[in-house]
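Two complexes come next, and they have one chain in common, chain A, joined by chain B in the first and chain C in the second.
Now for the complex of A and B:
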């Protein structure tokens, strides 16, 4: 009753992107409700919210799970715009989905107009090693080229599921703190300038 | 010269009784040697005529002879050719050109011509002649012809002679003359006699004339006198007129002044009237009748409730009256305002104090009476499941509400008149009620627990070995329950009687909830009404909003379901109650929610503890609880479905699904799926409902087309239908140029943004859905155009690329 909502509680907006059937919804549902949904049903768009403790601080995470199959890429513009961090998911068992990440990355950068947007390249379905099509090295080199971390997950076994979400939230939080600091820094600089002048 | 003149006069003109007036020695142009004289001559007889002669010598030795002559009146032009030239032209029967030998002579001649022709009825035209020549004086002639004094004296007279001669002009004169001449037939033969007769007649006439002159002298003098008198009269009149004029002049000034004054008076009058109107308005609006003042001053609550309410509204009217600009600076007005303010303070003090006391009093009173059963309104519940009577009652607050209801009007007035006091009062109410409820709930839940313990104990005693069977039965129950449509016991205020064994928990919970729910709803309804939570500009400060949902995670599963119920009910009733604009709805909802959570602070914890207690008692009963929860969910589905606001439905189903997914209760999987499905349905409904708008007319048109096709009209024949002709299509398509569509989409986005609440975070989802819907509609319309109007060349004025561009732009601008 005494708690004031919104006050001091950070809200991080995460967007799930990637081709259809790579397991975006599965990752989200595993993270949200600790469950693995076997039935596949293509998502259009769905929103989730959860309270988690991130490094000792209670924060809220908003997850926007998006459609992999979208007729028109421009429809994504709006939610890309609203996102603060992105989990770009592909399936290690499907090379096409890995190739598609390039396009998603480009669209996000174009819409956000920010090279350093918090972003994780996620290779899902790591439990299906025998069907692997995308090699670890290949994925890592792309991540390196983009300057983003690469993590392999399994929505089925829950491997690294929390990790990708928490890593991304940390990146977002750091980014926000940096933003604030640089704002303060700019202000300082400005005052300095003024005194010099 | 003079000699020449003399010679000419003597040799030529004297012979013909003529008088030489002026001469000029001229020669024919280009024949300098042959000289001649131009002579102006007048006849001696009366009336004299002037003739110009050309006189010349036919040979050197011969005498001077008249060669040509023109009557002066026959000459039409005398042309000097040039001011300084010696030439002279005379236009008569034809043009004659000469050159003078002496300029002086020439000038004089022309002057004379001019002078003598002056008296003629038909004068010649004088061209190119210096001005000084054209005078009627003949000084130059006289001065140059000093030698011929006689002549000049003669012709000086001649004009006068000419003027004395009067031609006979009238017929009468002619007649008279002829009759005179008839009488004197001898006149011609005997002029002398005639003369004599005439002079005699003349003298007679003269005499008569003189006589008549003499006779008329007195008349003349009389006339003179009369004239003098008349002149005097005229002078008097004139002086009189002057006086009048002056007087009039004075009056005019006076009149002007009067006019001005009149205008000023009118103005003053009008001003005074307006002032009076204003004053009347101000006074009537600012004055409260003395009875009301008296009531405000002396009223005592609760006796004078109604009077006070009337007086209060009167006061509100006076206080809230908007004075015309500037009038509020009047000291009388400010005084009256002060007076009103005093009354206002008094009013708010009176009402606030009384209500404050009343709240506290009621709080204490009910708390006391609650301990004695039967005093307060209570619902009793008896369960016969175990054969033991277990009563536990939750005291209703109906009596308090009844007690307070009459003050609703006063509260409303207070809210407007003194919002601070109102807020304070609200706080007091909330606090009192919350303590009261806390206490009530505590006993209530304790009773419930007691009855559980007792019942459980008894149950175990009576059926010591029934536990496993119980569990199986319960399972069966649940399955049967899932198949049937469970009765909406709680929400329909019906009692749901659980059947079979092991229903003790169910019944207790049922009892608890069935009592809690109407109580909460009643309290909410009362608060909304009494505290005017639904007002637009509610001055109530936002009391700390309890993050109800925040605690969901930490609560036990069963509890969270109940809590959801409370939550959603609050939301839903809040939004159905409020009839305001949708953007205010959320604010009102928040307020209702905040107040309710302030009033029921302990409800959640109590419920929580009850549920954990239940769990402690028997983990088996958790199953029952779940059944319970599922039942509640059903009710919620129903309730949510009845809401008017689509977006609230969408959000609530979304939230419900989320809650259910968190619970991870396998029994509820069905409900979970249902929630998800309902959420998707609601989303679809919301999207289609709000989506019709950007292309309303187009949609309408093509709905018609579709209907026709559906009714069996061939697609190729659609365009022959009146309402769906190509012109109509063109007209409709014209109404949606790309620019309009973009505007419509932006508008829609803003509206969606406004509708959806932050908490559920569905904006992106809804918007994505709308984008999809829009594109689907677009392609559908395009398809219909292609199919039904294949050769019309009509296309929508925007392309799919345009739409995507608009979406991107909207994304970028938010």
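Now for the complex of A and C:
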């Protein structure tokens, strides 16, 4: 699913997940266009492509910004299936959104059928420390339990915004490099498709 | 129509070789089919069954109709040429006869096999069928498999050909709101553009193997460029599609006979009104659209009689069997087609912009229209993926289309913002003037100012009405989406968009209103101050309080308007969701820009 641009430019497919209003779109837009959108407007699904230089190599990143709202859960699977890496975002000012990450993680693992899928836990809105509801330790322990990195970001101040995208791309690139020998995940995916048929 | 004509052979040298190719096809595709077949058996649950049931009905109606058709079109040479493929069994021949309306024109093997296959699958599920048929099934098992092998790739199991019209539309949609399967639209578009100078259009059949090839492409949703083929291939493909439909274009034998009856009315006016009533009230939407497009198109062919050498008589003679109606009925439909379908215009289909297009439409309307197409495309991709047809290229397409939608939405917002800011700058110009004037306190300028303001408001209002207009249009377009689960998702999105649009405009309105407020406040305290030192300010104060009141009134009425519009949007949304839930499809009200006569001129 991932080696299409093998000869040309590498293309990494990143998917933003997380509850509604945690700042998935804000992070994406900040990364894409260096803009911070104040108005909240729920996303259904949006997709972006950008050329970036990752460790000296020009690559393309495809970002799919999904809906946080449950209403669109039905089409989520179709997107998840084609993602190569996930940014699982919650807001440090909202505990519910942190609790919801558990469910997103499970859904991704179910669809991808791959424990080692590149994945970052992202605590957004780090500029609002005075409204913090989720402690750093709490988030870190969950990330540790999943075996994934935890990063706090602020879409408003751009803190760590590039970092999360680039870290994830590196993880995806590494995965692709090693994945050429063992394509377990991919094969599993295929069997998955067939049973649906 | 004569395949044996030397001209045809000259033109299409491969024509008679198709027999051998078909044989080899069935041979080579035999393998690797067993598992597929058994899978189908395992999974062939209710969905298949439903389809088959529909088909059955189709066959039942055909049985009544077919004999006449066959008599009309059968030529001895053709039945001869068919023989080598046929099995000796008499019973089978009989079945075949009843099953195929015009086995003649299309001697194509795979099609028969396909129908057989369908029958067979059905039998496997309904075991109480006759033994005789079971025997036949065994006989043709290998052929059935060959058919499977031919379309073994992912989507072949959900073909466009040979399924009910409704299903074909759903599977192969035109994304501009016209409820036709893409193949029909493509053929008619192409013939309207390049067919009107072809002599004997519809009379001369196209190269069969090319038709088969195209059918395969459409069944697998591959991109097709008809302009690489002869117009005769397009006519044959169109007729082939129609003949493959399990139901007639006029839906049922019962409806056909009602149409026939109406067509036999002697008085022109009575005939027309009866036909109009039947076409507008009895036919289901997709059949009505198909009938409309075909008759308007054929009417156009006859209008170009000079070059096509086809008049209404010859068209009716040639096509009434395929359309499963009498010569007279088809003539009547051609004669009355403009009255029957006054709202239908044959417009060339402009598919959604391909991925990576850099030239996006500029106007808000253009963007909205393109957005609707892309969303329709997206929902179709989701539908296919939800049905399990997932492959790399489709996933790629999903991201691409999604990207296109994101780009369009961003652009739409940008354009909207630009318009808003233009509006705002008009308002801002207005505000300082207002203050100046209240200082000079000239009654004349005050009244001018007020009328200025009013004119701005009405301008504003017009702008807003325009937007609500487009909003409604989009909602309407959304409601033409059928009730498949993922297209309802896209409809959701369509609702989102107008809501957003209206929100944007209401936002700008809200900003206009507060702009007035400080203005008014400025006026009020000022007049209070003025009251103390000078007595003659009494008159001014009165005037100002009147203006103030006026402004308040305007503000209130505008607020009421906003509330009303919001309410209306909500109401429309509710109605829409109800409709979607009830599975009712609303008549598409898509606009068609070019009429057949215009198309003619273009030629």
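Keep in mind that, in the parts below, the second predicted complex is superposed on the first by the 171 of 197 C-alpha atoms of A that agree within 3 Å, B and C clash if a C-alpha of one lies under 4 Å from a C-alpha of the other, contacts with A are read in each partner's own complex, and residues count from 1 in each chain.
By definition in this document, a residue touches a chain if its C-beta (ideal position, glycine included) is under 8 Å from a C-beta of that chain, and two chains touch if they have at least 3 such contacts.
Because the structure is predicted, anything quoted here is derived from the model rather than measured.
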| item | value |
| --- | --- |
| Partner, of chain C and chain B, that touches more residues belonging to chain A | B |
| Contacts of A:80 with chain B and chain C, given as first, second, both or neither | first |
| Partner chain in contact with A:62 - chain B first, chain C second, else both or neither | both |
| Contacts of A:51 with chain B and chain C, given as first, second, both or neither | first |
| Which of chain B and chain C A:41 touches, first, second, both or neither | second |
| Contacts of A:116 with chain B and chain C, given as first, second, both or neither | neither |
| Overlapping contact positions on chain A, where the chain C interface meets the chain B interface | 1, 4, 44-49, 62, 64, 71-72, 74-75, 78-79, 81-82 |
| Chain B contact footprint on chain A (complex, rising order) | 1-5, 29, 32-35, 44-49, 51, 62, 64, 66-67, 71-72, 74-75, 77-82, 111 |
| Contact footprint of chain A on chain B as seen in their complex | 544-547, 550, 553, 597-598, 601, 654, 658, 661-662, 664, 759-765, 767-769, 771-772, 775, 800, 804-805, 807-808, 810-812, 814 |
| Touching residues on chain A, where the partner in the complex is chain C | 1, 4, 13, 41, 44-49, 62, 64, 71-72, 74-75, 78-79, 81-82, 193, 196-197 |
| In the complex, chain C residues that touch chain A | 39, 43, 381-382, 385-386, 388-390, 392, 395-396, 398-400, 402-403, 405-406, 409, 485-486, 489, 492-493, 496, 500 |
